Structure formats: structure tokens, C-alpha cells
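Each of the next two complexes has chain A plus one more chain, namely chain B in the first and chain C in the second.
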Partner chain A sequence: MARVLLKEVTKRFGNLIAVNKLNLEIKDGEFMVLLGPSGCGKSTTLRMIAGLETPNEGEIWIGDTLVNEIDPTKRNIAMVFQSYALYPHMTVFGNIEFPLRMSGVPKQERAKKVKEVAEFLGIADLLDRKPSQLSGGQQQRVALARALVREPQVFLLDEPLSNLDAKIRTQMRFELKKLLSYELGITTIYVTHDQVEAMTMADRIAVMNKGVLQQVGTPDEIFYKPSNTFVATFVGSPPMNLIKGEIRRKDGEVFFETEYFTLKLSPDVPEAEEIILGFRPQHVDVALEQKDDYISGKLLGVEKLGVENYGHITYGNTDIVVRVPEDIRISRGEIYWKPQKNRIYLFDPKTGKTIYG
Partner chain B sequence: MTPKERENLIKKAWILITYVVLITFALVYLTPFIRSIIASFMNWAQASRYPPEWIPNPFTLENYEKLFRLELFPRWIRNTALYAGLIIAGNILFSTMAGYAFARLRFPGRDAIFSALLSLMMIPMFVTLVPNYIIIYKLGLIDNIFGLALLGLTNVSSIFLMRQYFMSLSNEIFEAARLDGCGPIKSFFFIALPLARPALGAVAVYQFLGSWNAFIGPLIFLRSPENFTLPVGLSFAFQRAMWVEYTPIIAGSIVASAPTIILFLLLNKYLIRGIVITGGKG
Partner chain C sequence: MPLFKSFSSFYEKSKNKEIVAGLSLISIAVLLNLVFGYFAMIFAFYLSFFKWDYIGEMQFVGLKNFAIVLRDLSRGLHGSYYLIAPFYTGLKNILIYTAIVVPVQTFLAIVLASFANQKIKGQQFFKVSYFLPATTSSVIISLIFIWLFMKNGFINYVFDLTVPGFQPIDWLNDKRYILLAISMVAIWGTSGHFMVSFLAAMQAIPKELYEAAMLDGAGPIRRFFFITIPMLRPMIVYVVVMGLIGALQMFDLAWVMAGASGGPGGAGYTVALDIYNEAFTRIRPGVAAAKSWFLFAIIFTTTYIFQKKYGRALR
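Now for the complex of A and B:
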């Protein structure tokens, strides 16, 4: 077991900067999720830790060792790939045994360890099969077993759930977390573009965009204290509403003004003129009759997802999404809404950085 | 006629045309072979008559008898088999390694070397025949099956086929192997080679066909009759001072082509796979 430390790590592919001066520490036993859209550098980061890519600049430490120059075969890390990368010509037993065979573990010990880990993961009855005879979920377990069997210091997972269908994915999500964090307590770095996976599994999340680390924090911090508009809109579903406008002060009261509506804010917001106001669809009060301070709008339609229902309200080019009551009966027409005061964020329109909230 | 009926009719007409064209071509290709089979049962006088006759009269097994009376006939078969075996083994070993290196390893000049190799395919064998002869001569391996086989131990088209095959395999498998502790050599023997079986089959079949039927190479590099391969031996055995006795050669070719025909029937899926591999991802 070990911590992983990245210091000023940069990776370029030709002119493209895939990872830009990344500083990140993954603590011993921590479950860290690297989250971001495709092409944000999260997979490249993982592959550099694995040793499959070499950074152009910066240092990568695993435990107390600088591993930049250490071959991946000697880093004692294990990785689960998106496609699982099982060896199709070997049985399940052969697959799990393979890393032990390569490191020269004696045959009897190998067999014992393979049996142990297979039983631990509930695949002991599949040992004679070939990977092509397994379901997606079973292949996933075999890939996990192969990674776990040699007791690595660090466990890397690259979008391991994205090839599974939705139902198994939800189930495996929790199982993986239980296995890696609660039962084994192993240092884990998990790459995904799925914010639900990140929120449900991570001890801490590192959000990346265009090769740059945006924010590192616990799921709560990422959700409730996003550091900029990117994190605010990337995490959370539906994404946070962002509206451009101005702040006006009148008679000791503060208002947020757009072409279409005015909203009263709490008086402690910082001085600013141009501003982006943000609030999550879930943090909005909705009414069907006019109330004090409520904003009126035309409801264009309602997306019903069961308990959660989201209404779309349009002002010019801006589409605002709000959560509407479960038992709402209209899907079009006039509606009144107001973001909850203590759940409002303000962002600098130039840098996108959070200045309030 | 409804539009649907018309559509069906057009479809049928196309199928008919396709079959007619294919059958015509098949006949064009098959005729010489059928002619050979028929001629192998004729005497030379009848076989060389013009216009050609298609029914052996008298029907004779003399050509085959002549063939099996040849003392060296079994020896030539053995030589040919040895030659083919060496070529196949060499190609499987060396072309696979070279293909793996070109597909999977990163080293300076890799793509330039590969392009250079590919351009070799465009050079006719006759251009390199004399230099090759000199090399084999200096090595003292003229009139030696091993010397002849040395020239064919690897082959650009086999390397190309193997490279294409290895490139079509998922990168992640090799990366997984690397993390599991395989250097490039281990990952060749434990991962690449076992996964390459279909492509190896294709290489083996192609090389067998090429070496079993080879004529020019054995003709030039082999001197003594006891070292000849079958195609060279047959033409040697029935070459008279002023003329060539073709009917026993034809009979011999049919006997000689039996293994390749059987092999083709058994393994044609590998041949087709070879075409798919090289054509699929280029």
C-alpha cells in the first residue's frame, strides 16, 4: 500500500498538451476518482502513473520511490482496463495466474492464490472457462481478480464499468467500492467521465478539463463548493443553471438583474457588476400561483424521471431547468419559481471562478 | 407488373449474370487443369495432336507407371517436403518476430525500415537471383536444400501479413501484459504468438504452396539429380536430347499437386483469412 504523488506533471503529444502541470496527492488507502470529459487528460494521467506513458516534465512518486524511470513491470501497480484486456487464449485460471507466473511464483503457491482470490470474488466455478464464454460482469470480475492476485500497492481502474449494461453497472459500482475501500483498503485511482460513479464511489474527486486540474475535494465539496463554472456544470444532473446578468444595489438591498427578470439576493454578496449567477435545478422553489419574490416564466415542458421531474423554462436564449413537484399536473403554461437564497453561486464571467457560494 | 415483382426480376437477372460470369471464369481457370488430368492418361502422340482431343484413346496408365519407375521419385518428394518444411518453419519463426517488432515495438527508423522492406516486394526475383547465387556459392551451399531454403526463411509478404495481424489485436492486451510483468520478449511468446495462430496458419499455407511448387530457385541452386525437388526432377527426368516427354511430366505434376489441392480444401479458410488480415486494415 502506498500514496501516489504527482508533482508538476506535464505530458505533451506533439503540440497538444494532454496534462498540464498537474499536482495531486493520493493518500495511502484513498479512493481517488479522476473525473472529466473525454480528452481531459484523466486517462493519460492514469497511464503515466502506470508507466505506459512517460511524462515530459514533473515527478511521479509511488510510496517513497520516484518512479519516472522505473519500468511498469516493476512498479507493483495493477490496472483494470475499460475492455478488461483479458487474454483470450487463456482460461480464467490462466488469466488470473499470469502475473504470478511472470514474477516467478512457484506453481503450488500460484494455484492456491488464484483459488483464494477467485473465491473472494465469487468466480471460483468459472476457472476452466475461456473469457469469451463469460458475461460482461464475469469478465470484469476476472480482470479484477487478475489485478488483485499479486497484491499491488496501487490499483488503477480506467472506466471499468462503461462496458457493462446499466443494471449491472449500478450493482458493480457499490461492489467495487466495498471491495477496494472497505475490505482491502487499497490505494485506488479510478478514471471515469460519469459523475454519478465519481460521486458515489470517491473519497475524493479530482475534476480535470483540457489537461488542467480544476478542483480536488470530497464529493460534497465538489458538489456544494464548486471552484468554477466547469465543475459546477459538470457535476450534478441536470447541470447547474448559469445566467448572465448584473448586480444592482438599491436602498441597501441587492438585486440580480437580467433582461427578463430581477431576483433579490442576500445583502452579503461581493461587489461586482457583470456576473454569472448559478443555482442547481434541485435548489429551486416552484409555485403555480404568483408569490412574493417569485419569478414568472413559461413552462415549455416537463421531463418525468419518476420521483424527480424537471421543468424547462425559457428566457430568450437561456434555458432554465428547475425541479418541479412530483405531483405537478401541468406540463405547459405559466409557472413561478425562486432559487433558494443560501444555494446561490456567483461566478466571475471572465475567469469562471466562483466568487460567492 | 407491380414494382415489387419488377424488383425481384431485376434481382434474379443480376444473380443469373453473376453466375454466368463466375462460371465462365471458373471454366477458363479450370480448363488447363482438366486438360492435364485427361492428357495424363494419353500417350504423347495423342496429347500433342492438333486440334486437341479430349478422350484418351487408347486409355493408358503408362505415364504414371513411368513416373513410379523413376528411382529418384520418392527422394524428390522427400526433398520437396524438406524444403517446404524448412521454409514454413523459418517463416513462422522469423516473419512472426519481425511482424511483431514492426507492429508492437517502438524503435528508431521502424517505419522507414518497414517501407524499405515493402518496396522489396516490387523487385522481381530475377534481379536478386545472381547476387543470391553468389552469396550461396560463397557459403559453399550450392546443390544443397539447406542453402536453397536459406533464401526463403523469411519473406516480406509474411512479415507484412503478421504485422497487420498484430496491429489488429487490441493494444490493451499488450499493455495489460506489460503491467503483469511481461517485457517485450515474454509478451511475444506468451501473448502475441498464441494469439497469432490464425495468421500463422495463413502464412504456413501460403509458404507451403509457394515452396512446394517452386521451380526457378531449385532449378538454379540445385545441381545433382538426387538433390532435386519434385518440379525440377520431373522436368529433368523426361527431358530428352531433342524433345520433352510431356505426358509423364503432366502425370507427375498431378501427383505433385495432390497435397496442395488437399491442403487447399482443408485449409482454405486460413487462406481467405490471410487475405482478410492484409486487406482489412492497411
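Now for the complex of A and C:
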């Protein structure tokens, strides 16, 4: 087990900068999720840690070793691929045994360890099968077993759940977390574009976009203290509402003004004129009648997701999404809403950085 | 025109359209195959029970033709002179030849493909030059090699330079070496062709398998033996089977390099040459047909056994 440290790591593919001056520390035993849209450099980062890609600049440390020049065969890192990359010509036993065989573990010990890990993961009865005879969930367990059997220092997972169907995915999400963090306490780096996976599994999340690290923090920090508009909108579903407007001060009170409505803000907001206001759909109070400081709007429709319902309110070409409580039964027409004051964010319209909230 | 009308209405149905289009596209290939493949096979079977001189009447002789072949084999087994037992001689030579050519060309094709699969500068040039022999007529190749194999030819010259104390070999006129010389030409000519097959199969192996193996601690050599070779197995089976079929009925190289009578001491004589001689020199088409059926049986059993043993589908 070991910590992983990335210092100013840069990777270029031709003219494209896939990862740009990345600094990141993954602590010993930590479950770190690299989160971002496709093409953000998260997989490239993972592959550089594994040694499958070589960084153009910067240092990668695993434990106390600088691994830049160390061959991937010697890094003692295990990786679970999106496609699982099971060896199709070997049985499940052969697959799990393979890393032990490569490191010269004697035959009897290999058999013992394979059985142990297979029982641990509940695949002991599949050992004689070929990967093609397994379901997606079973293949994934075999891939996990193959990765776990040699007790790696660091465990890398590249979108391991995205090939599973929704039901198994939810189940495996918790199982993986339980296994890697609670039972084994292994240093894990997990790449995903799914913010729900990130939020539910991570000790800390590193959000990346276009090769640049946006923010590192616990799921709570990422969710409640996003550092910029990208993080604010990427994490959370539906995404945070962002509205462009201006801040006006009148008689010691502060107002946020747009073409369509005015909103009273708490007086401690920083000085600014042009601003982007942000609030999450879940942090909005909704009413059917006009109340103090509520904003009226035309409800275009409601998306029903069971417990949660989301209403779409339109102002010009801006769409605002708000959560409609279960007891309000409305699908169209006039509605009144107000973002909760202490759950409001303000962003700099030029840089996108959070300046309040 | 009721016939035309009914056809056009039949054709207009979209499902029928597909059938008609499909059948007409394959018709030429099917026709050629029926005439020159299946008809020839069946006729050869029929012919093997007759005595005939192409002009006169066919005369039924029962199993006599097969008896001639068996007698030839038994004479050969008892150590008769090669001219007395030509079929036996051809069979013996072709089995030796196959045992040399098939393993070597398969191995070489894999090695060449592995090189061509590397990211080396100018690999396109190597791919083309490996494949070039496959595009060249075997007769021309043989003629070039006759020249290279001459006693004062290029091959002896190279050996003379590299092997100390080497005595020039008269490759094509020495019965110890002629089969080896033919084998070398065959290997040279076919390895590049099979290399392309292996290269295609190698490029179809998912990259992630290699990456997974790398992280599991397998270096390049172990990746080759634990991933590449097993993943190539279906292609290896295919190449060996095609190689067996090709080698066992080899005719062209022997015909040009050794001549119709098989060169010195019949050492370059093959079954296919013998069948040809039987049919067109000795004018015994019935015996030639019987010999063809023997050769067919040999090819069929070897490839069948090989397929059965190693040809299991991978997935």
C-alpha cells in the first residue's frame, strides 16, 4: 500500500494537451475518484500512473519511488479495465493465477491464493469456466480477483462499471467501495464520468476538465463548495442553474437583477456588477401562490422521477430547473419560486470562479 | 408474354428481389465450381474404375487401377528402384517436403508478422517485400532460384563466405539436396503470404490484453507466448491446414526445378508429378484418377485430424 503523488504532470498527444500540469496527491489507503467528461484527461492520468503512457513532463511517485522510468511490469500496480481485458483463452483460474505466475509464485501457493480470492469474491464455483461463459457482473469479479490476488500497492479502475446494466451497476458500486475501502483499505484511483459513482464511492474527488484539474475535495466539498461553474454544473443532477445578471445595491439592501426578475440577496455578498448566480434545483422553495420575495414564472412542464419531480420554468432563452415537492401537484401554468438564501452561489462571469457561496 | 410477366411480378416482391440478385451474383462461381470442381471429382472417381486412352472406348476394369497403386506402394516399401515405384517415391518425397515446409513457413510467417507489427520506421517497405513473392508466378520464382542454386551460384557463394570450410553443393543435381532446395524456395515463397494472415490476426488482438498482461508483470517475450500465440491459435490452425494442402499437392516447383522425372535419383519427384505423368505421359488416366483419390485421402485425413485436434473454436 502506498500513496501516489503527481507533480506538474503533463501529457501531450501531438498538439493536444491531454493533461496539463497536474498536481495531485492520493493518500495511503484513500479512495480517490477522477471525475470529468470524456476527453478530460482522467483516463490518461490513470494510464500514466500505471505506466501505460509516459508523461512528457513532471514526476509520478508511488510510495517513496519515482516511477517515471519504471516499466509497468515492475510497478506492482493492478488495474481493472473498462472492458475487463480478461484473457479469453484462459479459464477463470488461469486468469486470476496469471499475475502470480508472472511473479514466480510456486504452483501450490498460487492455487491456494486463487481459491482464497475467488471465495472472497464469490466466484469459487466459476474457476473452470472461460470468460466468454460468464455474465458481465461475473467477468467484472474475475477482473477484480485478478487485480487483487497479488496484493498490489495501488489499485486502478478505469470506468469499471460502465459496461454493466443499471441494476448491477448500483449494486456493484457499493460492493466495490465496501471491498476496497472498508475491507482492504487499499489505495484506489477510480476513473469515471458518472458523478453519482463519484459522489457515492469517493473519499475525495478530483474533478478534471480539458486536461486541467478543477477541484479536489470530499464529495461534500465538491457538492457544496464548488470552486467554479464547471464543477458546479458537472456535479449534481439536474445541474445547477446558472443565470447571468447584475448586482444592485439600494438602501443597504442587495438585489440580483435580470431582465425578467429581481432577487433579494443577503447583504454580505461581495462587490461586483456583472455576475453569474447559481443555485441547485434542490435548494429552491416552490409555492402555488404569490409569497414574499417569491418570483413568478411559467411552468413549461414537470419531469417526474418518482419521489423527485423537476419543473422547468422558462425566462426568454434561459431555462430554470427547480425541484417541485411531492405535495404540489401541478404540471403547467403559473408557479412561484425562491432559491434558499444560504444556498446561493455567485461566480465571476469572466473566469467562472466562485466568489461567493 | 406470360412467362416474362410472371417472372417480373415474382421479381418485384422485395424478398424475391434479394434472392434473385444473390443467386445471380454467385451463379458464375457456383457454375465454375460445379464443372471444374465437383464434376471433375465425380468424373475422376468414375474414371478410376476404367481403362481408357482418351480416344478409344472406356473399358471397365474394376479395382485394377487401385491395385496398380497398391502394388507400386508395396514395391517401394520393399526397396525397389525409384522408377519401378514412382508413386511410392513421390509420396515419400512429398511427406518429407511437407514435414520441412509447413512448420518452417508457419514459424517464419509468425516471426515476420511480429516484426511487421512493430512500430518500426519503414515497416511498410518490409511488409511489401515479404509479400512480393506471393504475387510472383511460381515458375518465375523457380527459374530465378535455379540460377541462384547453381554450383557457382549466389547461394553457394554466400555459404562460402559465411561458413568456414564450406564445399560448394550442386543443389539441383545432387539427390541429397534437391528436395531441400525446393523446400527452401517454397518457404521463401509462401511465408510472406501467410505473414499477412498472421499480421491481420495480430492486429485484431485487443490492445488492452497486452496492457493487462504488462501490469500483471509479463515482459515482451512472455506477452508473446502467453497472449499472442494463444490468441493466434485459430489462425495458426488455418495456416497449417492451408500449408498442408498446398504442400501435399506441390507440383510447379518440382516440375521446373527437378523436371518431370523428378531430377537426380527421383529425389524431386512428387505425387502430383506422378499423377500428371500417369495421365499424360503413360496415358493411363484411370490409374492417374486412382492415384488422385489416394492423394485426396491422405490430404483429407491429415487436415481432418489436425482440425479435430487443434481447431476447436476459441470463444
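As a working rule, the second predicted complex is superposed on the first by the 357 of 357 C-alpha atoms of A that agree within 3 Å, B and C clash if a C-alpha of one lies under 4 Å from a C-alpha of the other, contacts with A are read in each partner's own complex, and residues count from 1 in each chain.
Please note the rule applied: a residue touches a chain if its C-beta (ideal position, glycine included) is under 8 Å from a C-beta of that chain, and two chains touch if they have at least 3 such contacts.
Owing to the predicted nature of the structure, the values given are computational and were not obtained by experimental measurement.
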item: Combined model on chain A where chain B meets chain C, clash or fit; value: clash
item: Touching partner for A:I77 - first (chain B), second (chain C), both, neither; value: both
item: Partner chain in contact with A:S132 - chain B first, chain C second, else both or neither; value: second
item: A:L66 touches, of chain B and chain C: first, second, both or neither?; value: neither
item: Which superposed partner A:I330 touches (first chain B, second chain C, both, neither); value: neither
item: Chain B versus chain C as contact partner of A:F98, first or second or both or neither; value: both
item: Touched partner set for A:H89, first chain B, second chain C, both or neither; value: both
item: Footprint overlap on chain A, where chain B in one structure and chain C in the other make contact; value: 50-52, 71-73, 77-79, 81, 83, 85, 87-89, 98-99, 102-103, 146
item: Parts of chain B lying in touch with chain A, wherever the complex brings them together; value: 170, 172-173, 175-183, 186, 190-191, 194-195, 197
item: Touching residues (chain side chain A, partner chain C) in the complex; value: 50-52, 71-75, 77-79, 81, 83, 85, 87-90, 98-99, 102-103, 130, 132, 146, 150
item: Residues of chain C that touch chain A when the two form their complex; value: 206, 208-209, 211-219, 222, 226-227, 230-231, 233, 314-315
item: Chain A residues touching chain B - in the complex, by the definition given at the top; value: 50-52, 71-73, 77-79, 81-83, 85-89, 98-99, 102-103, 146
